[in-house]
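See the structures that follow.
Common to both upcoming complexes is chain A, partnered first by chain B, then by chain C.
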Partner chain A sequence: MDSNLLGTTLYLMKLSIKKQFAYPLMFISCLFLIPMMVASGVLLLYALATHFSSVSGWTFDQLALLYGFGYLSHGLLMVFGAQNIWMDQLVIKGEFDRMLLRPLPVIIQYACSNINLIGFIDVIIGAGILTASSWRLKLSWNAGLVLLLLLTLAGATWIRLALYLIVCSTAFWTKRSSSLFWLMTDLMERATQLPLSIYPQRFQLVLTVLLPLAMISYQPVKQLLNQPGTWLAGLVFLATPVIGLIILYLAVKFFNFGLKQYESAGS
Partner chain B sequence: MCCCPKAWKRFPDPVKMPACSTAGSAYLHLVKAQLLTALTYKTDFILAILGNVAVMLASIYLWQAAYRSQLLTTGVDLDSMITYVVMVALMNACYSGTIEFTLQHRITQGDVVIDLIRPIHLLGSYLAVDLGLTVSAFLSRVLPMLAVALIFFPFKPPASLIHGGLFLASALMGYLILWLCAALIALICLWHIQLGHLGAVKDGFILLLSGRIVPAWLMPDFLRPIMDLLPFQHIYQTPLSFYIGQINLAQASLILARQALWTLALLALVQWVWFSGKKQLLALGG
Partner chain C sequence: MYQIEVMDLVKIYPARRRLFEQWKQDRKLDVATHAVDGLSFSISAGERVGFLGPNGAGKSTTIKMMAGILQPTSGRVTILGQSPHQHRIEVCKKLGVVFGQRSQLYWDLKLEESFELLRRMYGIHAADYQRRLNRLNDVLDFSRFLKHPVRNLSLGQRIRADLAAAMLHNPPILLLDEPTIGLDLDSKKKIRNYIKEINLQEGTTVLLTTHDLDDVEWLCDRLIIINHGKMVADNSIHVLTEQIAPERYLVVEFDTEYELSVALEEKVHKQEGLTCWFKMKAREDSISALVSELAARFVIRDLSIKEPDIEDVVLALYNRKA
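This part shows the complex of A and B:
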């Protein structure tokens, strides 16, 4: 990436961050909203842990570790990928017109159009849950493991971004992608914040092979906890970022393909 | 613009209000118009069904996995728990409402003045629109989800016919409580144009304290007094407790009376806030 492109990209990101401070009440209300959303998820895990000995072999602390790790990548998705929610509105209102006229790739402009600071609340909460549960589980961390974990986290975020980009790019054809967005959100929540072993085998296969949601949190955390049957043991931490990069590349290709079908709304 | 995604989900397109001659047929027309609008976007409601079914299935599998392990404390049996979870999903699909976004949008755009000169009660008209959404949700989402639940899972009918009747009465009041809470939040717009995600904060409390995610009998002890002080448990927990027979008939009248009191109190509060807010309504746009 040449220096002009990098400089312009960083400038767009800076503008995106600045415009969010026009409505501080949005940010303040999310300071209350997001912890409550997380609290309801943690409350469910707590209720399960206090009334049942385990859930599919997972104890409360292990469930919390999985939940925290999943929530971390969710937070990063919200920071860098929240604009996918409005993809159909951008298509309908012809907002891509001015992006197409600028001497900067549309995907970069689109990616920088909404750096959502509120997502960092999710990141902090996810990191807090991950830290607390790994402390309770007495996991031993070293520099290499932390590096692998960060790499896996990046890969998990790329997988999420890519899947959302693919489903929301259908707006270039259908002009409505919000329903698909929410369907993907529901699937991701259930597949990344709960152990996949609670689902029947055929669903686990779909969520591992067809949609690699298992690579976002379930398989990496399973490896971290050394659960038996981890056939991806040792490779999972590296597999997640590799899969993430491949699927992100395909998603960008699909987005650019959809952009060719884009029809301006006119004026 | 920065927003929380879960809050965005609650913002559908604004509703267009028709002009009708008689007040009674006006409300029915609004219900019908909203029903037809919701059914127009077939892809949307098919995807919504898939989403709701996926969420329902995930909850069922989670509780099945939990019950396969050792049960440490007494509670309801697995079949009742599955019934509870399915009913939560069905009720959640029915509890559709646009008043928060619609009223806020119309106040900020100034269109509310057009609604005010119509010969029908403004909040009544919004309730009629939301009832239309509920009817469409019942036809398009609840029935398919119910079919899936009946075919694949041990979904139980109400504990008795009387419990079924009590459930319906309680669910209706639960719907009104939910709607009135949303209306209260929306009416704050009359004083503060931008609410941020105040409505979503309200939804967060409901998620936590209504029994939607965790039934009351599994809640930590410190939360139960808080649940008793607030009306949110009457949205999901109370109707469903009638359905699965957790509330015996001797207690039913007291619990229903408490729920009715909350409904009337919220209704009175909404009316008072609306009456106070109308006096200083600032219409923008034009």
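This part shows the complex of A and C:
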């Protein structure tokens, strides 16, 4: 990436963040609503764990660790991927005209068009739950493991971003994709907030190989709980960013392919 | 060498059939739309071309294909030797595009932020940028609303801002789609003057669509007229006028009742009271000969010459079969 491209990209992000300060009430209301939503999620886990003594062998603290780690990448998705919600509106109203007229890759302009500060609330909450549960579980940390986990987190975010980009890019053909966004969100919640071992083997396989949702939180957290040190555990951690990069690459290809079908609008 | 080349350009919007609609009897809606249907033309550096046609003729679709926004169904566009579809980024650095109907600026950003963003995107040096911005401001006069978000600008302000945004990187080619739509007389005049000035001083090539024939008269040397996505005419205004409306009229108001000779009678286009329109072939007939002949015989109260009207030309061409 040349320095001009990088500088312009950062400036785009800055403007996109600045834009939100025009609507401060939205931010404040989210500051109240999001913690309540998360609290209800965590309390549900607590109810599950205490009611059934464990959820397919997972204790409440372990479930919370999974939830916290999954919620972190959800937060990052909300920071960098919220524009996918309105992809179909951009297509119908011809908003891609503007991006296609400018000498910067459209995917970069699109990706930076809505850096969503509200997502950072999710990130902070996720980090809090992760820290608290790891403390209660007395997990031992070292610099290498933290680095590995950060890489995994990046990978988990890429997987999420890529899947949303693919699903929402169908708007270039269908002109409607926002319901797919919410469907994807439901699926992701179910596959990242609970241990996949509660599902049948075949379904687990689908979620690991076909739609690699298992790589977002379940597989890495499972390794974390096993207190890794083995090569295999390290490989599982690294699998997430590798798969993330591959699928993100494919998603951008698909987006660019969709862009060729783009029909602009009116006049 | 041509700056812009358009070869056999076609854009077909496929028929969109709704789910379950295939059982309906009415199949008329199933026909695909041929928005642009085999268009070819080329434009050299420094030309000012009016790209005209009635509503729905395919003008905007063509411009969008030239700007790399729309993918042609077939045929090709070359801008300075490059395809806007294969080399989008290189080509759009050389284009300035304005859509009068829809702003290409950033709705929620202050105008100055939009400009700064464009400066960075096009990699314009800060000193060059400031100089160009000042010059643009002299004509388009936007410094008063630089701090306003684009969504708060009036139409006239917005179009001036859009024009400035399209010219910040000093592109050799301007594609202007209805740049004067909805503007008041003063703003129109300013914008026309500026486009002409930049064309004369910097040799910028200008292609513009408009429904305002004053724009055409002021700005264009050449007209490309399309209808139903097909070429209707492509020539200099001069030649088209000769072809379509070669007559001009000498309008004479006599002082008293008059009786014309047979030779003069042949030249009469129409008569209304004491006023008489003589039809003149634009180049061949001598007006002064006719005037002196009339003046020798009659008392003339008033004289004027009506030049061929661009409106007649364009109207005739719009109605001509593509």
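Note that the second predicted complex is superposed on the first by the 260 of 267 C-alpha atoms of A that agree within 3 Å, B and C clash if a C-alpha of one lies under 4 Å from a C-alpha of the other, contacts with A are read in each partner's own complex, and residues count from 1 in each chain.
The definition used in the following text is that contacts are C-beta pairs under 8 Å (C-beta built on N, C-alpha and C of every residue); 3 or more make two chains touch, one makes a residue touch a chain.
Computed from a prediction, not measured in an experiment: that's the story for all the values here.
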Chain B versus chain C as contact partner of A:Leu15, first or second or both or neither: second
First (chain B), second (chain C), both or neither touched by A:Ser264: second
Chain B versus chain C as contact partner of A:His51, first or second or both or neither: first
First, second, both or neither for A:Asn256, with chain B first and chain C second: neither
Touching partner for A:Asn4 - first (chain B), second (chain C), both, neither: second
Touching partner for A:Gly94 - first (chain B), second (chain C), both, neither: second
Chain C versus chain B, contacts on chain A by residue: B
Chain B versus chain C as contact partner of A:Pro103, first or second or both or neither: second
Residues of chain A contacting chain B in one complex and chain C in the other: 19
Complex interface listing, chain C residues touching chain A: 13, 60, 64, 67-71, 88-90, 92-93, 95, 97, 99, 101-102, 104, 106, 108-109, 113, 116-118, 120-123, 149, 177-178
For the chain A and chain B complex, residues of the former touching the latter: 19-20, 23, 25-30, 32-34, 36-37, 39-41, 43-44, 46-48, 50-57, 78, 82, 85, 114, 116-118, 174, 176, 179-180, 182-183, 185-187, 190, 194-195, 197-200
Complex interface listing, chain B residues touching chain A: 1-9, 41, 43-44, 47-48, 50-51, 54-55, 58, 61-62, 64-73, 75, 194-198, 200-201, 204-205, 207-208, 213-214, 218-220
Chain A - residues contacting chain C, complex: 4, 7-8, 11-12, 15, 18-19, 22, 94, 96-98, 100-105, 260-264, 266-267
